[in-house]
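Letters A, B, C, D, E and F name the chains as they come in the text, with residue numbers starting at 1 for each one.
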Amino acid sequence: MTVVLALALGFAQLCVMLALAFCAIRLLLGPTAQDRILALDSLWMAAMLFILLLGIRFSSMVYFEAALVIALLGFVSSIALAKFLIRGEIIE
Amino acid sequence: MRFWADQLILLPILLPLLFAALLVLLNGRRQQLKFAINLTGTLALLVTAIALFWLTDSEVWPNGVGAYLAANWVAPFGIVLVVDRLAALMLTLCAVIATAALVFSYRRWSRSGVHFHSLFQFLLAGINGAFITGDLFNLFVFFEIMLAASYGLLLLGLQPNRIRASMQYVVINLLASSFFLIGVALIYAAAGTLNMADLAVRAASMDDSERLLLEVGAAILAIAFLTKSAMWPLGFWLPTTYAAAAPPVGAMLVLMTKVGVYVLLRLWLLVFADQETSLQAISGTALVVAGLLTLAFGTIGLLGSQELGRMAGFSAIISSGTLLAAVGYGEQQVVSAALFYLLSSTLAVAAFMLLIELIERIRKPSAAMLALTMEAFAIDNDPEESAGVIIPAAMAFLGLAFVACALIIAGLPPLSGFVAKFTLFHALLNPAGMFIDNLYTAGPLAWTMLALIILSGLAAIISLMRFGVRTFWSTDATAPRLQLTEAMPVSLLLALCISMTVLAGPVSAYLDRTASALHQPSLYIDRVMSITAVPGVVINEGATP
Amino acid sequence: MEAVIAIAIGVMFASGVWLILRPRTFQVIIGLLLISYAVNMFIFIMGRLSINKPPLTLDSPVEVGMFADPVTQALVLTAIVIGFATSALYLVLLLTSRGLTGTDHVDGKEPRQ
Amino acid sequence: MKRWLPSPLLSAFLLLLWLMLNQSIEPAHLLLGAILAIAVPLLVAPLRPTPVRISRPFTIIRLIIYALIEIFRSCFNVCTLIVFGGGRLNSQFIRIPLDLRDPHGLAVLACIINSTPGTVWVEIIPGSNDLALHVFDLHDAHWWVNMIKTRLEKPLIDIFEQEAP
Amino acid sequence: MLLLILILTPFIGSFLAAFLPANARNREAWLAAAIALAGLIIIGIQFPQINNGEVLRYQLDWMPEYGLNLVLRMDGLAWLFSMLIIGIFLLVVVYARYYMSPEDPVPRFFSFLLAFMGSMLGIVLSGNLVQLVLFWELTSLSSFLLIGYWHHRAEARRGARMAFTVTATGGLCLLAGVLMLGHIIGSYDLDVVLASGETLREHAWYLPTLILIALGALTKSAQFPFHFWLPHAMAAPTPVSAYLHSATMVKAGIFLLMRLWPVLSGTPEWTWIIGGAGVCTLLIGSFIAIFQHDLKGLLAYSTISHLGLITALLGIGTPLAMVAAIFHTMNHATFKASLFMAVGIIDHESGTRDMRKLRGLYRMMPQTATLAIVASAAMAGVPFLNGFLSKEMFFAEALLVGSASNWWMPLAAVTMGVFSVAYSLRFIYVFFGRPATDLPKTPHEPPRWMRFPVEVLVLFCLIVGIVPSLSVGPLLHNGVEAVLGEKTPYYSLALWHGFNIPLLMSFVALGGGVLLYVILRTRFNLTYRDQVPLLYRFNGKQAYESTMLELRSSASRLEKLLGTRRLQPQLLLMILVGLGAAVAAAATAPQVWSALQPSDPHLPFTLLWIIGGGCAVAAAWQAKYHRLASLSLVGGAGLVVCLTFLWLSAPDLALTQLMVETVTTILILLGLRWLPPRILSIEQDRKENRRARARRMRDFIVAALAGLGMAAISYLVLMLPAGSGIGSFFLERALLEGGGSNVVNVLLVDFRSFDTLGEIAVLSIVALTVYGLLRRFRPAAESMSLPPQQTNFVDPAAQQPPAEQAQSGYLMVPGIYLRLLLPIILVCAVYFFMRGHNLPGGGFVAGLIFAVAIILQYMLAGTLWVESRLHLQPHRWLALGLILAVLTGLGALLLGYPFLTTHTAHIDLPVLGALHLPSAFFFDLGVFCVVVGSTMLILVALAHQSIRSHRLPLSAADVADSTDKEKH
Amino acid sequence: MSELLTASMTDLSPWLAIPVALLLVLGGLITLIGALGLLRLPNFFQRIHGPAVFITVGTGCFLIASMLYFSGTEERPVVHELLITAFVLLTAPVTSMLLMRAAVYRNLRARNARNGASSTDAYQFPDDE
């Protein structure tokens, strides 16, 4: 059973890895600022998934908090960037 | 007795930190109160430093090395604070200059920044910490405290030139800090320890790969310190920064340049002195050469500059160069003489920095007024609020003080500058000891150094005299308004130089003891490694995660 | 893995270095950020690489080999904080410089052409 | 009661949050959680000006179930479109006139719409109470309007605007 | 002891004089005179001992281990010189009392003069060579002040600078020489040095030592080619010139040569250097003197020439020459002092010193004129005057040395004699002829006491000239004996030695001089020549000035060449030097590169870092024109770093990195608004010249090298096995003794809590600095206006105030979430804080989370709205946090443990069970507070800029160009 | 890839292992497709739908998988992953709303500069009555 699980996990990890890569490519390519911010936000989310998988793979709950922090606060820099686009400054 | 003496080691760091925090709380406009508190803190620091100075030279601690286990963890695991003669000396120097700078700042500068007082205390904490910590990474932390505080102080009273200077100063120091970290990391990778004493022990028995890492790490680390001590070609920021800094801050900057030298001296003699490796010979020579280049550059710069602030900067570079070369030389005699030079030149250049502002008042009354009003524009209190008594014969005082500073910087008799240069020359010519005739002990580098120091003295004479004649003997010199709080610090620093001259015998005897202790690293190492923790800490057996 | 991380550090450091040699303050601050990443990673790997060995000694007795070197981690933690603080300071400084000198050149004045 | 527990729902949620975070229901954690659950809302009260009122718990459950189904369905659709869609997508903005006024209700609506792949909330068009929505692949605008108004908005109005006239 | 008093009194007097009121000419003069008299008495009572050949010695330890002590030593030579110094000082004081005008700041004058006298005494009484150098430089310094006394005159300033530069430089050389001497002989003590001449002369360093010492002496004594400073020093008040240039300053060099004569002389080098300089000087000096128009100028050159004479005598090196040298030194002092004073009187009374104007003064001031004529006759070497005697001795010695091979020596001597007679005549000529009428003042006799010193000196000239052995015989003998010791030759001081060649030479000189003067006057129009024939090209003053100027400008150029004031080159250099140092260290260290093996390529990790590296490189690439993009890319790189930390077992780091990442992004975004837009234009890009491209290429290479270095060393470290570090200690003890299972956290709050204390101090400092900076920040003019996003007509929210946006505007719905998130995030912050000791988390992360929660509210509803509801007072957080941390540490002291020792309180509570409350908890709480305080302080200070800058009314122009600007 | 298989995974009963594996595969696929959407779709308004897929569903799958897995290994119900779900649900809408609005008005401002569009032209609805 472990092998099945490991294979599935490996597959999932690979997928998330690729997702990370796609997000990063979008981040590089742009072309507009909003694309980049979107890509960055997705990158954060993908990273969160990645961390979750890491936790499963290492059978350890230590990694959970990092994912929690991303889930809770990963959006902050994205909305800061977005607000910058909307208003030209983030705190008025 | 021992217990309280031990606690005293802590105070140079803790006192300023506490006072700084206290001063932050007083974020009102009560300038007088804040100044009073700050002064109290600084004076308490001075008393502490003097007490430590006395303790390290007495028999309270074995071999005059006091050690303190912060958090009660033995070396090399915890952080050890160590005070030996050199550290105590530097602490005292720091406290003295700080007192002078603080009193000087009373009239004007302490009001020109919001958190001047807290930053000032933080700066002291940083400098003192760098002097007494026995841990490499902790040293980094204290360096950062010191630098961060100095950034803040440097920026007092926003002026474009100050901002420009800070832009350089900050970036260069940030890069230097990165070097510092890289170096420390490599040393940790090599030795597996951060404690300097432990490092010295481990360095003696390293295998090849560890040695490689250690040496590369040490080289990179050295660059960080050399940048801070303004070695050529890493020290171009210094004159610009000095010229831009507010005088009391400038005085503290003078001290900070010496921190780099101090650390080099400490690490060099502690970790690398006993090893007969190629690194030691090569880097010793490299250091001497670099010091000489710095000296030459400082000399050229001093000759070429017209502005007083830059002159002070180049004087500091000259003194750095001299010290670096002396450290590279490494002989006990030379180190002892270099310490004398360090004390004298630091005091003098600091006094000079303070003088600059006063002298500028003679030179360009209109410009000075303009600067004053510009400051006043942004200052909370009225800067003209009379503080202290206006001293008479200001011109004569300034003239005398300027001459005294110039003499010390140029190393002319009769003040301490001459004594310092004399001892240095003497040590260079007689490195093996008192007048032992050995032609080969004074190699070509020593000769070059001698010549360069003489030349730099000459350049200082020419340059400072040119400036002094132009300023004090100019026809449109106006008698400046000078207050006691401004005259006193300058007099204090110069008085110390004078007493160093008169008491040259005891002082140099003390420095000899200091240097000889430095050349016996085992004293330091044994003390640090043997100090035991206070037993009986509650062992937390019931801890559950 | 070792090679990858070494190259990674090198690349970040190089990018940072290239940026701090540029003339605009924004480039410099980005460069400093990258350099601090590289340096933090560098300090970190001085404790060597270890996978799934976080230094959490949840139960005693402790088997030392089962944990990553905690010292470098503690050092990096301090270094991250200090790096954060100093970049904040530089940022504000560059803003002030921009405000007072009217340019975002690192020297506070545009170079003469 | 009102004074010490300005928003009981929030407090309950915070207590739950605390216990879940600590993964324990030991008395110590319960106590600490309770303290937090009371203290934190009090502390942040000045920063949360809009009061919340919720009723009809069963509607909530129905809504959640419907939303979940919708999410999975759209997820499948969108995935198919991304992989096989090629360039034949008809991505459009559509306007949906809303009756829901309560900000919290709108917020939940936004959450559902955004969580549903294929639709993204843009904004309530200023000057009206119409919602601008972006649809990934639009076939029939009216279908969307109907779906949202009946399946989502209606329950939300029930939940959040019950006492409203 | 008396010697110490002798040295100290002038300095004390100098100090006192400085504080006397400005108009008290009499009191100051009395003070000075009293000191001089006391000195004379002290010296006087030493005479019997000196006459017995004793050497008085007084020693005060100063720096014994460096061989530098305060040694006062008086032998015959020192006695003689002291007598001269104090005696002439007394006369000068009397003279100066009348010479100085009431407007001059007299206290300063006497103060300097006394100091000078004291330093001079210091030189002659020094029993230690270093001490001698010390006083030597002091004379340079005080003479500088004296020469520049009338500093409102340009020539006084210039003269003073020149004199000081030259003599102080010489002093430095002397110092070097003395140090070498000390090294060779093994002591700086004069007695030891004088006894070890042989050692020195045979030492390899003899020549450099000699040269350095000679440089000192020759510069001081104004010998060729350093003579040029002396005439310019005449800008000093005449009493000063009389003192400096007759008995003291210039004699210091002579004294030094005499003092060290037993040690240094007797070698060909000595003769060539000293003698050569002397001969050149005496010829040049006397020649130039003839062509002067200024009385003092003439005397100055004559002084040079007479000093040259003495130097030449010393250079000759025979004992008899030494006798002559000492004798002539005394004689020169007397007649030259009197001449200077006489010139002073003339100047004082007539208002000019120009020989072209002065005529027939004899009629107006007959007594002064007589005195001056007698004195100048002594200068010319007329028989029955003292100058004759010593000059004749000189001729004799010149003859002695000048055998067949050195035929030029006597010739030079005679030539010099001829010249000196000529210029003496020229000097005397001012007293004769038709009285001038175009003088600024009408001259008449000076006050009685002003003439008195001249009379005394002239009397001395006569007495010595007529009965030499009776008057100065014993004094001279003592002096000579002090120098020569057993080598003291027999000599007679009689006026008449019979007809011999020296006498002949004297007469030739006299006759030749008269003849020369007449020829020059009639044929060469002497009076009106502006330039000195032949030698006018060699203008020392010009050379000095241009050297100084050139020195300054070339130094300035060199500084620019060797240094830079720009940032980029400095950084480049730092990196290069760092790289160089690392490579050098690696090259010299043992080579272990063979340990490097390829490591296994870990695919996911590689992919991760392709992303990370790509982000970093792209960030570098985009940073110039696309700031927002660059910032996002850095965020990406940071995220990858964070994942790496996590992967490699550092969850604490990952958490911290994540939070720092977020806060940094906010921070930079806050700042981005105030940066100028930088618009990429292809046209401009194309214009960028080749140099810029080359620069970029260079930087690229440097960066690549730096990166390569880092990569290489990292790889090396990773491939080497880890040694035995201190890590295991912490792992073993964290739980047992530190009370926490998260070793990293225990390290931070316990083992290495001192670091953490420092770290929060840094944070506080930075926050305070930022606050201070931004409180007075004035944004640049063009960024003052609102950003384009807020100045257009298309966005309905463009001009809404932030609170309105959040309440009913486009932020209404997001606002619900953000406001709901606030308590949640706060609870999470508490959670991370509480668990820190055992699991990843801790005060720092918690603090950042807390700060972000608050900042979110700022972002949502604007500064004003939030601050009207929340009084956070970050300063207090910061200060209290620091104090809490420190006090927690101090608490351990109460229990008798060192600072920061952790303690754990175990409390058993009913129901809740055991509670462990480590003191580290409070420390961490302090950290938390500081982090919250400083982060908030920084961010809020930045945020406040927006409300502080003006809200400008919207104008059409703004709208028009707003769209252009919107490119980041 | 080899190191992926050697991961230190605890043995799990098949009743748990199979759903976990399925969920992982499904989550992975959805994540990949979502990211692919972000990468491949031609304009911003379409791209934003890509991440939305994996943020909700992908995350959901992984979280459930994680819950199941840890509940199996720890032998107690592990539900704290729900928190992540809650947080994602709370935060994700904010980001996408703000981003969409930013994009819409940026485009609008750009169009305004080109051909004078006004605020009413913000959206082009397909069947605007």
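The rule is simple: a contact is a pair of C-beta atoms (placed from the backbone, for glycine too) under 8 Å apart; a residue touches a chain by one contact, two chains touch by 3 or more.
Per UniProt, the chains are A = K+/H+ antiporter subunit F; B = Monovalent cation/H+ antiporter subunit D; C = Multisubunit potassium/proton antiporter, PhaC subunit; D = Multisubunit potassium/proton antiporter, PhaE subunit; E = Monovalent cation/H+ antiporter subunit A; F = Multisubunit potassium/proton antiporter, PhaG subunit.
Just so it is clear, the structure is predicted and the values come from calculations on it, not from any experiment.
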Shortest path length from subunit C to subunit D (each step joins two touching chains): 2
E-F compared against A-C, more contacting pairs: E-F
Identity of the chain that, by mean CA position, is farthest from subunit B: D
Farthest chain relative to subunit F (centres taken as mean CA coordinates): E
Separation of subunit B from subunit E, taking each centre as the mean of its C-alpha atoms, in whole Å: 17
Centre distance in Å when subunit A (K+/H+ antiporter subunit F) and subunit F are each reduced to the mean of their C-alpha atoms: 9
Gap in Å, rounded to a whole number, between the CA centres of subunit E and subunit A (K+/H+ antiporter subunit F): 60
Cα-centroid distance, subunit B relative to subunit F, in whole angstrom: 57
Per-residue multi-chain contacts in subunit F, two or more chains: 1, 4, 8, 29, 34, 36, 48, 50, 78, 80, 83, 87, 90-94, 97-98, 101, 105-106, 119, 122
Interface hub residues of subunit D, defined as touching at least two other chains: 17, 21, 107, 110-111, 121, 123, 126
Numbers and ranges of subunit B residues touching at least 2 other chains: 137, 141, 144, 148, 151, 155, 158, 167-168, 171, 175, 182, 186, 188-189, 194, 545
Overall pattern in which the protein chains touch one another (line/ring/star/complete/other): other
Touching pairs - complete list by chain label: A-C, A-E, A-F, B-C, B-E, C-E, D-E, D-F, E-F
List of subunit C residues in touch with subunit A (K+/H+ antiporter subunit F) within their complex: 51-52, 54, 56
Partner subunit D, residues of subunit F touching it in the complex: 29-30, 33-34, 36-37, 40-43, 45-46, 48-50, 52-53, 56-57, 78-80, 82-83, 89-90, 92-93, 96-97, 100-101, 104, 119, 122-128
Residues of subunit A (K+/H+ antiporter subunit F) defined as touching subunit F within the complex: 1-16, 18-23, 25-26, 32-35, 37-39, 41-42, 45-46, 48-49, 52-53, 55-59, 61, 64, 67-68, 71-72, 74-75, 78-79, 82-83, 85-86
Residues of subunit C touching subunit B in the complex: 20, 25, 28, 32, 35-36, 39, 42-43, 46, 56, 58-59, 71-72, 75, 78-79, 82, 85-87, 89-90, 93-94, 96-97, 100-101, 106-109
Residues of subunit C touching subunit E in the complex: 1-27, 29-31, 33-34, 37-38, 40-42, 44-58, 60, 62, 64, 67-71, 73-74, 76-78, 80-82, 84-89, 91-96, 98-100, 102-104, 106-107, 111
